[in-house]
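Mind looking over this structure? Questions follow.
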Amino acid sequence: MGEVRNCTGRIGIVDTTFSSIDTASIALKEIRRLASRVEIRRYTVPGIRDTPLACKALIEKERCGTVLVTGMVSKKGVEKQVEHQAVLGIMWVQLQTNRHVVTAFFDENEAKEKSKLYNIVVDRIRKHALNALKLLAMPESLTDYAGLGLRQGSRDVGQFRV
Amino acid sequence: MGEVRNCTGRIGIVDTTFSSIDTASIALKEIRRLASRVEIRRYTVPGIRDTPLACKALIEKERCGTVLVTGMVSKKGVEKQVEHQAVLGIMWVQLQTNRHVVTAFFDENEAKEKSKLYNIVVDRIRKHALNALKLLAMPESLTDYAGLGLRQGSRDVGQFRV
Amino acid sequence: MGEVRNCTGRIGIVDTTFSSIDTASIALKEIRRLASRVEIRRYTVPGIRDTPLACKALIEKERCGTVLVTGMVSKKGVEKQVEHQAVLGIMWVQLQTNRHVVTAFFDENEAKEKSKLYNIVVDRIRKHALNALKLLAMPESLTDYAGLGLRQGSRDVGQFRV
Amino acid sequence: MGEVRNCTGRIGIVDTTFSSIDTASIALKEIRRLASRVEIRRYTVPGIRDTPLACKALIEKERCGTVLVTGMVSKKGVEKQVEHQAVLGIMWVQLQTNRHVVTAFFDENEAKEKSKLYNIVVDRIRKHALNALKLLAMPESLTDYAGLGLRQGSRDVGQFRV
Amino acid sequence: MGEVRNCTGRIGIVDTTFSSIDTASIALKEIRRLASRVEIRRYTVPGIRDTPLACKALIEKERCGTVLVTGMVSKKGVEKQVEHQAVLGIMWVQLQTNRHVVTAFFDENEAKEKSKLYNIVVDRIRKHALNALKLLAMPESLTDYAGLGLRQGSRDVGQFRV
């Protein structure tokens, strides 16, 4: 974790006005806690379909080394394919810019109780904030956690051995 | 809102002959009301599959800083995948041109009553016209509305806190 | 309509050997009737998955200003995703070449009676031939028909007002 | 057919180790029979998801004018989307290289009886081999067969007239 | 097999922290066993959506001639489209870099018993490690196995003849 704590790069956070949870605040707080010397740039857009270009702008114009993109997904009606479109856009951005974009979306139906949903989102964003910082600071450090069944939004499932 | 009212950039509106609602007129009126100094360029195409190239032309040939693309989606039969194709095209246009394209499509089945459908469309286009103007004038202003559960076509759902 | 009748550009027609209806003949006849001075280039390929490259060749090698692509879609078994693939390819071609490609595909199951299906196809191709000519001659002329609920393959549904 | 018989270009064949039918042999034999002067380059890959890059290599490194890509599709479980991914990849290859790639895949469930499936595959590959040769030798020759309801893997359905 | 055993190129392995099985270890051991002179570069990312950029980095920055990408797919809830997105990203990487990326993903539901699932994964990764090495060392060697119904994760189904 030393390499994250001392990291001096720049990270981007993308969030949306559509989300009912203030995802960027969770991400901002966690990144500051984990890596106080990292610079943060933030870009808020209407919905997740607008996030790919925001990621690209943070990388190309703001020179962020990695971006954490957050947002809420609605899985009903016309919204069904929206996450797929956003993720494909984010994929292209990564391959155009050669920078990792870590996606931390949540579906408002992942839990019926609001407090449970909130906890899922906090857990996911915090863990993905750490992932984004590791990819920014020292990608090879993730190898220490390879195949461990890590989860964001719930407990790790652990490694399965025979 | 000051930055929108005084904005002097150029915005594009794309609409279709397929739509049964005159979406561009709603957008035009709202943009003129909100930002009288913004220049507007309009491009009408047959259907939403033709909108991505129209967006690209407004950005590259007409030098629009942002585009609001409107249109009606039919979700039956052969038409089912059409919105997905259009949105992917619009995604590529954004990543090719580095300009935001705000999508304000509606599905003719969102409401059974015509007057209700019309109201949804008006609400969505007006709110997305404001989004497009903010992205044109001062993207960072959207951060004031981050995570507030904003909706276009219905009431905002608000922020969920714990 | 004057701008179409006097148009002197070049239009491409793409068709397939897979189709059971001679779509190109319908398109050719209509284009000659509407705009006798327009030059026509035609490219026949096996199936609709082969049409995107044919469109690109007509635009880049034959310098067509617009292309009308026709073909039959079979919606059963392995064929289900074929139209989606073709349309995505056509989308990329448009964004690569900055030229409109108007798609006039039909699904063999749109009507059970063959004569009814034929009438649908004729109506769709004729109307899209006119759309392609307008986009070739004077794109802004389509604005006169914006939001009018125009349909290809059936009667226009008209505009919905409140 | 004269133009095919005397064709002197170079054609590529892509096949897979996944397929239970030796598709390349069928293609090789048919191409040699139809156009003995055409040069053939072959590239075998593990599965159909590996075929797009093989097509690209045959076109760019081996300078094949057209490629016939063959392979077996399994439509169960995780394999369901594989054909779609391969076909999209093949679409991009065509638009990157400006060369036709004719796809002759089969689904192992197209027929329950193995001998019937084999006959379907032979019919499809032979007819698509001829298509690929025509596109290589003289694309415009396909116009003679436009709208004739040609099929690969079964009898032609013929043209529908009214 | 001689060409694999003596191969001196460089291969990449991509794996994830999400997987509950340590896929990279299986791949590493098999590659060292089969081709002790091949150099190996490894890149661990959070989940399979992050793998395309990792593949690209191994090819472009680490100059790997081929990459074997491993990972676990969850087919429930929001995760359903994730494999499709990853595979499309991997397709683009291959066509951007002209290098093969061999995909060895597994779905945690392929077997109910954990030991059976583990065996499937070991079998698949070992066989695809060999495929990747063959593509690295001598692509044409795969032609000896063309159309033999080879499988990864289960027994080969063999060739079907008539």
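Here the chain labels run A, B, C, D and E in written order, and each chain numbers its own residues starting at 1.
Here is the rule we go by: a contact is a pair of C-beta atoms (placed from the backbone, for glycine too) under 8 Å apart; a residue touches a chain by one contact, two chains touch by 3 or more.
Please read these numbers as outputs of a predicted model, since none were measured by experiment.
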Touching both subunit A and subunit E we find none
Same vs different contact residues, subunit C with subunit D, by half of numbers used:
different
Cα centre of subunit D to Cα centre of subunit E, whole Å, reads 26
Indicate the whole-number Å distance between the mean C-alpha point of subunit A and the mean C-alpha point of subunit C.
42
Two-or-more-chain contact residues of subunit C, please, as numbers and ranges.
84, 88, 92
Where on subunit B is subunit A touching in the complex?
73, 75, 83-84, 87-88, 91-92, 94-95, 98-100, 102-103, 105, 107, 110, 128, 131, 135, 139-140, 142-143, 145-152, 157-160, 162
Note: in the complex, subunit E contacts subunit A through residues 15-25, 42-46, 49-50, 52-53, 56-57, 60, 77-78, 81-82, 84-85, 88-89, 92-93, 96, 114-115, 117-118
